[in-house]
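If you scroll down you'll find the structure; I have some questions about it.
Chain IDs A, B, C, D, E and F follow the sequence of writing; residue 1 opens each chain.
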């Protein structure tokens, strides 16, 4: 059975990246994955949170939000509710943690990178699109610092894989697929093909180790295509990601 | 002395409207006024707030927000702060009140229109751009209801006028002009040229009645150009705004 | 048709001011405008908010509240609700902004003036009565500082004007008039007759420029009577308002 | 050694009550105890909280607040802080509990009495003045219900007693005395001389049973004077307090 | 009539204390009073709140909470509700105030003692069990500081007394007795038999001075048994409580 | 190199379960995993959240908390902070989701199971101990419902695996190991050996697919030992888990 949007089971949705999308931030992109659209921005602040002060290290923190009508029915704003929901917290913690895995915080120096991912339109995969787009915005912002040693150690991209009754194991689920999936897994991986995060959930269901292996094969292939797209988007700056310079500490 | 962006004192910034900007909302636009960009969406909910229930009347309510990096330096999210600031409250109350002035709430029926104005990029005039854009999104959403009597009674647009030391009375202030203005005034007017809202403030300064008259001349001219733009954007639906049909109640 | 309380269309309600109403504050009044009663106090704090520190300038900030039974039916306390409503925010921002327009913040020095307006009884016009009363409390508190150059540059008073179906354009609306008004406008003006704030709203209605002019004629006349009353209340201190002394900076 | 305000150790401060102080509430007083001034209002709502619904019983709940400058230095508003402090909570729970002890909630019927005590000026004893004043406001509001069986079963008044180093055991502490007291005790008693509440605290100190007895002698005498004052203030309504009528249910 | 658990009217429930119950805190106990179980911990922090800084004095503050199913039906967590209820505030203020009465804060030095009382299982008397247990945990934590002059000046224990229709005046009420009591009183006393806190409430009822005396006789006897138990639990450390050493200041 | 507590790399810490630990809840255990101690309770409520009403299905929701001194230094209470942190949210969402995977919500009927996990003492692995213990408490509570078809479809337990520099891949990390781990992974699995949740994170590090496989081998072995322990703890009730009865819908 073919997928609802005629994709193959191992096929990503079309991905485009609009770099320097906004005039104010140090780095910004509009990333589009199928119908999912996220504005990712990176802001550099010249100080770090209290727990890091005076250690010569930087920090990366992320915030995530959706416009009320990014979705099919309107969601109440978290600012109106007066608190941030559990799903939002989980996602923004994930984005920050993932990005920190590919940045040498000592090379960054005592600075905080604020990453903002604002979903303008949602059709599944907003957290993985956020990570993939945020990596580009962050790298552009860091590029502007003109640091002697480039702190970004590798590329970083994310996608989802899952299992549906109709199509078995599939790559990059859209909203309809995600809603009916028995298993839903998010993968964050580096340009070198290593894992940074792996979060798999049986949705009122379970999965076997064989299924897990199948899903990871799909995911690895998808990530490598996303990293290639990131290289294109970053242009010359790509060359500095993971560059080897004699560290002096 | 010429204005910072070479405009005449009575010249609006370029305005464009991208209709049906998002796939999910009943009405949506991206309005661009110079460098200011706002996504305005309209959502129709089939019930009204408690205080209106059972009266056969509808309601219109608005929410306004800015992305953290819509501005030159990053603003903390109101969701993170856990409360909505005074400026935001003032603006969203203004937007809702203004739109209700040109909608016959009885013809709307027991429905709530949720208007969301999310500023993606700010360069002055975000509240007036929000009103001008929200009118279009709202009218499009109401158009989809296919009501026998069209509830929108007139066009509605907004702009700012002000007084600066360099240029005297000017129309449609950008951020730099707004920051140094001695007087700042927001005008919301109808297609018929009537006032809906008039909010003028001397910024640690005062103004005379003669200045007030001069500012209103500028504002009226600006509003009529914005209404012409709204007619274009709404296309055929324009004809229904203010249509006279025998009311049957 | 005569007004509900037999006033002429251009007639203010009776206004009285009880100065030094409380023993603790640096300045305090109970202002009574018809049935509306507001306690206004001014507190001097010897430091300024963070954004002003070290600039040699002062600041004025205002807070506004109503007792739960200031009104006909009981309003929930904002402290119980855990947040300040939009109407309250709008009003307290207005009061602070208006007072700052007639105070030379550099002559005030690095001090914060806290203005508290607590409505004990409400019958329309609570925000304008608050401004008129707060000006007196503030000026008394500043008088106690015995500064060489008096920071208050002019008198400041506020009133409302509006349009009702029964009486057309009227001055100083009470609650019943305000509830049924088609147009409602608040004016804040100086002793010299200049505008500080002008906020006019068509309440689910609109107004023409001719009506606007008529309303401002009414308002100007009312303000000059209120300023005369303020001169009386302040006694000798009146002479220092707007005094010209050679500034030395 | 004489007390700071020349009172005898067993002497109350002058107490006055201004009944029907406000036009809107069903019952209202301004009670003045020395320099302490509290506006007490009673509001009748025709329904009860969820936990009492359908039981044919009423409820009494109280809220307490101080104006920011009721005190010598300005206190931050609890509405601005976004939450009610522990001291306020303790006091408003005490006021409600005390009043419920002298009201037959079944005779009251399914109604809620909202008691609001707003301290305009504080000089010690604000919670006891609130209770003494609130009893009057409440009884007046209940009087307007014209119920067949009067629900108020007895008078209720409150005062403080304490121990200071200078004067030993004293009645009705003002702020200066309260601040230096070693023991501080609040008494709530009925017209019949029975206890409703007794809260004694050694302030970083302790007290003996002999001291406790001495303090209660002082308190009992003070309460009976306050009850006499309440009788005067209530006039004819006094006769209905504690009236014996054949209950019919 | 015998009590529900066959106790005499002047009989405490069985009390046990499990010292060093947890591995991390500086002092910790599990206190069991009948079916009521509370974990009390004491934490030492090497700084004091802002209002005490630089005065050479310490501070003691307490927090109290119940597990959701400490009670017969589940209580909503205060963390989920987003605020602390009035009952909790009252209790934690009481615990802190009581403990401060038997600690010489100057001998403690600039340190804060955080007392946490977490009720695991509730059957009446949770606040008095918390105080009795917290005293032990606090004293153990202070013991570890090895200060030259021991800051704890006396023992401190708490219990409840009350009046029920069935049994008249009784000591140490369990939940069933507490729910039906006409009078409920909490006593906090020292090893020397002095009062620290006395809080008596007629629950929709009143009490006479004769009843008050009877209740205090019961309470005093109960407290002395609890203090004896505390001596046992503290072992050698007991000898340091109230020790006389030449103070040198 | 041996582990800090002398365990083998594939060795669990000692696990004990104290069933019916509290008297009030429908199900309760104290689970001890090494030094980590968690009280898990299950409460049955006879209604479901709004989004499920009228569908004949039940719901399971979990809350997680730590006592302030469950850890080495004191953590601020979330109730005092006024909001629940991101880590807590993540954990309680995980616990609820995991338990729902092994309960047939239709067989449960329109009921909500509230699971509370309160960590009394923490030494790593609090979330996995919570899941393992909560499964027992939940199953005991469901057992008391005496439903014709038993809703629990399989056993469910959780443990952690990780990679440290000293010991490579290890099972069941304690706090010290967890703090220095390069990779940290939580596994939730069923009695049948299927995955319910898999969450792996490179802590400022990454991991390869080979490492992932090694970790899962360790985890699977650990889970099967935990399930055996659960069988013992549940006694006769174990036989009903996963029982096959002809479903009639």
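Quick notes on this one:
Throughout what follows, a contact is a pair of C-beta atoms (placed from the backbone, for glycine too) under 8 Å apart; a residue touches a chain by one contact, two chains touch by 3 or more.
Values in this document were obtained by computation on a predicted structure and should not be read as measured data.
Any chain that touches chain C and also touches chain E is listed here: D. A repeat of the A-B interface exists among A-F, D-E or C-D; more than half of the contact pairs are identical by residue number at C-D. Centroids built from CA atoms put chain C at 28 Å from chain B. Computed centre separation for the pair chain C/chain F is 60 angstrom, with centres defined by C-alpha atoms.
Spacing of chain E relative to chain F, judged by their CA centroids, is 34 angstrom.
Touching two or more other chains at once are residues 82-83 of chain C.
With chain C taken as the origin and chain D fixing the direction of travel, the chains line up round the ring as C, D, E, F, A, B.
Listed in rising order, the residues of chain B touching chain A in the complex are 22-25, 28, 35, 39, 41, 43, 45, 63, 65, 67-72, 74, 77-84, 88, 114, 116, 118, 120-121.
Residues 83, 85-87, 89-90, 92-93, 97, 100-101, 105, 185, 190, 192, 194-202, 204-209, 212, 216, 220 of chain C touch chain B in their complex.
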